[in-house]
Amino acid sequence: MIGYILRRFGAALLVLFAISVLVFLIFFATPGVDPAARIAGKNADPATLAQVRASFGFDKPLPVQYALMMKHLFISHDLTSFVNRGTLVIPQIIEAVPVTLSLVVGAAVIWMVLGVGMGTLAGAMRGTLVDPLVMLLGVFGVSLPVYWLGEVVNLITQKQLHDSVFSWVPPLGYVPMSEGIGQWALHLLFPWLTLALLYAGIYARLLRGELINALNEDYVRTARAKGLSERRILVKHALRCSLIPIVSLFGLDFGALVGGAALLTEVVFGLPGVGKLTYQALQNLDLPVIMGTVLYAAFFVVLANAVVDVLYARLDPRVRRA
Amino acid sequence: MPEPLLEVSDLRIRFGGFTAVDGLSFSVRPGEVLGVVGESGSGKSVSMLGVLGLIRTPGAEISGKVVFRGRDLLTLKNAEMRAIRGREIAMIFQDPMTALTPVYTIGWQIAEQIRAHEKVSRRAARDRAIALLGEVGIPAPEQRVDAYPHEFSGGMRQRAVIAMALSCNPALLIADEPTTALDVTTQAQILDLMRRLRADHGSAVVMITHDMGVVSEIADEVLVMYGGRAVERGSRRQVFHTPRHPYTWGLLDSVPRVNGPRARRLPTIPGTPGASGQGCPFADRCAHSFAACAEVPPLTGDSGHLDACWLPEEKRTR
Amino acid sequence: MTSPVRATAEEPVTDTPAAGRAARPSAGPWRRALGRLRRNRSAMIAGAGLLLIVLACVLAPVYANAIAHTDPFTSNASGTVVVNGARVPVLAQSTEGLGLGVTPVGPTWDPGNYFLGADNQGRDVMARLLYGGRNSLLIGLSSAVVCCALATVLGVLAGYFGGWIDAVLSRFFDVIWAFPVYLLAICLSVVLLTSGLHLGPIHIDAGSLALPVVIIALIYVPYVARPLRGQVMALRNKEFLHAAVGLGASDLRIMRREVLPNVLPTVVVFLPLMTALNMLTESALSFLSVGVQSPDASWGTIINDGLALLYTRPAITIAAGLCVGLTAVALNVLGDGVRDALDPNARLRGGA
């Protein structure tokens, strides 16, 4: 098991390296435009351009440029935003991380609980009304744009029904946990639910399919012949095996969420997380910030995937020696 | 003659419009081995699943009587049935590769069954699992008890499944083609094992198989099924030495012989199995069928050797 | 030489007695799948809905010219419009706050006259919605086609040849797979949107619609290529392939005549699902202003336009979002139907 963990994290490091090279190539080696002009932002004066060229070593070969960028990002932490008059990028990101993590972890907990609950219910109660409802929610989960759903939620809770049902909903924004868990959770409640609802639908639908397959497996028949209760068969045998593919998907989605969908949710709900930071950088093409947030997110995704793979190996003894 | 342990009478199992088992009756005495033979689709597995209440298909209709130790199993509540399954009647399935839950150790799965029926500690259940694994011939059971199913070979898994089935000392063991998915040498070992275990534990066994060779080695009584019905029933000696039903003749003829004149070609039963709508289910594949076969023949006979065929006595020669 | 039917697309056994049935030429697997799809009611409803949406978007110029008499791509800041008999400006001075903003006219529910109201430049939202739908659908579909084609080539090559080709391609897939798709798309978009793409003979101008198509197609290649690669690797051990090799067929011929027809059903299953996914990605990128560029519209850009007016004129955002959502629902339901009919084991993204 420990060997497996080491191997898995070694692979994660390699992937991280590959991603950083890829990002580097996209930003610095795409043919067409002078990368210094890109980094300095629109209409930069010659002095700034010269400063950028020196700082990133654009007169030097590509590997040196790569090393310089990595140094700015991870060692000296002095990557600067030129569009934003010399703000340091890394501290901005570090400041934004807790917001994104609050959003994503909270949503993930809700969607896993809801998804597993609804999926199990639908799988165990096939033929009742629960089943088509869960299936429908699953289709909506993969079809509705999350940022749009967030806007509709905002419209309802902040405007249309804000004077009656939803008068308790605080204005958009983020309150750190240090100012009280209650306020923190209250501000994040609707972002959480918006994000979680769609994923819960997808997961419930997937789990239902897996569960129905598992319930037709021979080992379930064996378990019945052993004289176990239906509940124990469902939970200990069928569900336990059905969760394996769900967990591996969770790793992918959790990672993608930190970088992708959460970005949109943060923008819509005005949460100053890494996604919002990226969004603002996109509005004025602030490349150093985009590079920083992308590599941060990639780091997170790869880490999450590695953790989930290790978890996966705990769940499924068959992959441990592979 | 001792009281039968299991007595099935007029068992009928229907799925929608399709009758899988049609008026099956048989009994098993304590300690006896009943071999149930037939082609795939003859209803032999379905009838045993019906006996244990393991048919989960929605819309399945089951009728008749299944009396086990004086209680009709078909009328029992779920919880009462659960207490019998695995404790008094255990079942072994055909494919050992898929019969075990892949994510738990062998020992865990055996202990699970023990603890489902008896109030024993985890420790004690595990010790019993180790003892059982040793008994079914798994080397180094103290280590292998913590192995996962995928770490076992097919024969080892079937041994583990048998160990699990025997864990509560059942009075009746139903084995559904326990050797079919295994290679020939392993088959022989598993049969040996089952014979020995029957002697040690004294369980009665219902052995479902399509292999006449297996029946001839292990069975005391033989039940031949075709199209969801019993077509011949008798002691092993009776069925093998004086078979009475044309279908049984066909089954016996299609087993290659080691001595005697060598057949130029192994005889087969023509056609494909499947009950015809009315009359004798075997009629359209039977070389001897005649006018009377348009009606279903009853299962009749004397001195315990019964058959369901209209063929007159003088023509009962192969 | 005919290619065998895919092993996974097994026909359910019919209950009719086999004996005595007259032999007739059996329908091909595609025709049988089509028959199964036709009997799938929800998929057929979804298909009909999709057809309606596509038709409406294709007819966008007809609506703009003949019914609404408006040009959805030029702003109309000083225009007026008759609502309930009264003539009102399309863009009214905002009464809230400092009075600096403008409030466009709301939905009139009159098809000839700002049916869904105007956006903050006084353009007809309904007409923009239809034109935007053309772009959204076009980008979704063409990027799905490009993505599936590219993924099929790469997946078949990796699965068929194995060895170092497979190793290189698989590592490449792994890296893209581990990269959050939106971020990868953002990186590519940011770089390409300012300068366009000039790669050998390919020249795509900045601001061209082809740019989001290429970007979205690229980022999802591993999603499709990975399952295909696995399938081809399984085919590699099938006897009909050994037979073809034994007959001395060339690799190219085997891939074209034996492998491709066997993975094609899966590709066809992925196509509607990828179209939905790509359309959603396009709308998200456009929402982030790195997708379709002004003055072109797409449903994503319209949602973005409506964001500033969310509390005063919610119809803009809601209508555009409903368009995206309904189209995606239709595509996904249709895609599920195609999957059930053609290749029930096909799985995108290891799951949904």
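Descriptive notes on the structure:
Chains: A, B and C, in written order; residue numbering restarts at 1 for each.
To be clear about the criterion, a contact is a pair of C-beta atoms (placed from the backbone, for glycine too) under 8 Å apart; a residue touches a chain by one contact, two chains touch by 3 or more.
All values derive from a computational prediction rather than experimental measurement.
When chain pairs are compared by contacting C-beta pairs, A-C ranks highest. Comparing the centres of all chains, each the average of its CA atoms, the largest separation from chain A belongs to B. Put simply, the C-alpha centre of chain A and that of chain B have 54 angstrom between them.
Chain centres here are Cα averages; for chain A and chain C they lie 23 Å apart. Rounded to a whole number, the gap between the C-alpha centres of chain B and chain C is 55 angstrom. In chain A, no residue touches at least two other chains. Residue positions of chain C in touch with at least two other chains are not found. Residue ranges on chain A touching chain C, taken from their complex, read 15, 18-19, 22-23, 26-27, 30-33, 38, 138-145, 147-149, 151-152, 154-155, 158-159, 202, 205-206, 245-246, 248-249, 252, 255-256, 258-261, 263-264, 267, 278-279, 282-283, 285, 287, 290, 293-294, 297-298, 301-302, 305. Against chain A, in their complex, chain B makes its touches with residues 52, 54, 58, 78, 82-87, 90-91, 93, 95, 98-103, 112-113, 116-117, 148, 150, 161, 164. For chain A in complex with chain B, the residues that touch the partner chain are 127, 217-219, 221-230, 232, 236-237, 240-241, 244, 315-318.
Of all the residues in chain C, the ones that touch chain A in their complex are 171, 174-175, 178-183, 186-188, 190-192, 194-199, 276-277, 280, 283-284, 287-290, 300, 303, 307, 310-311, 314, 317-318, 320-321, 324-325, 328-329, 331-333, 336, 349-352.
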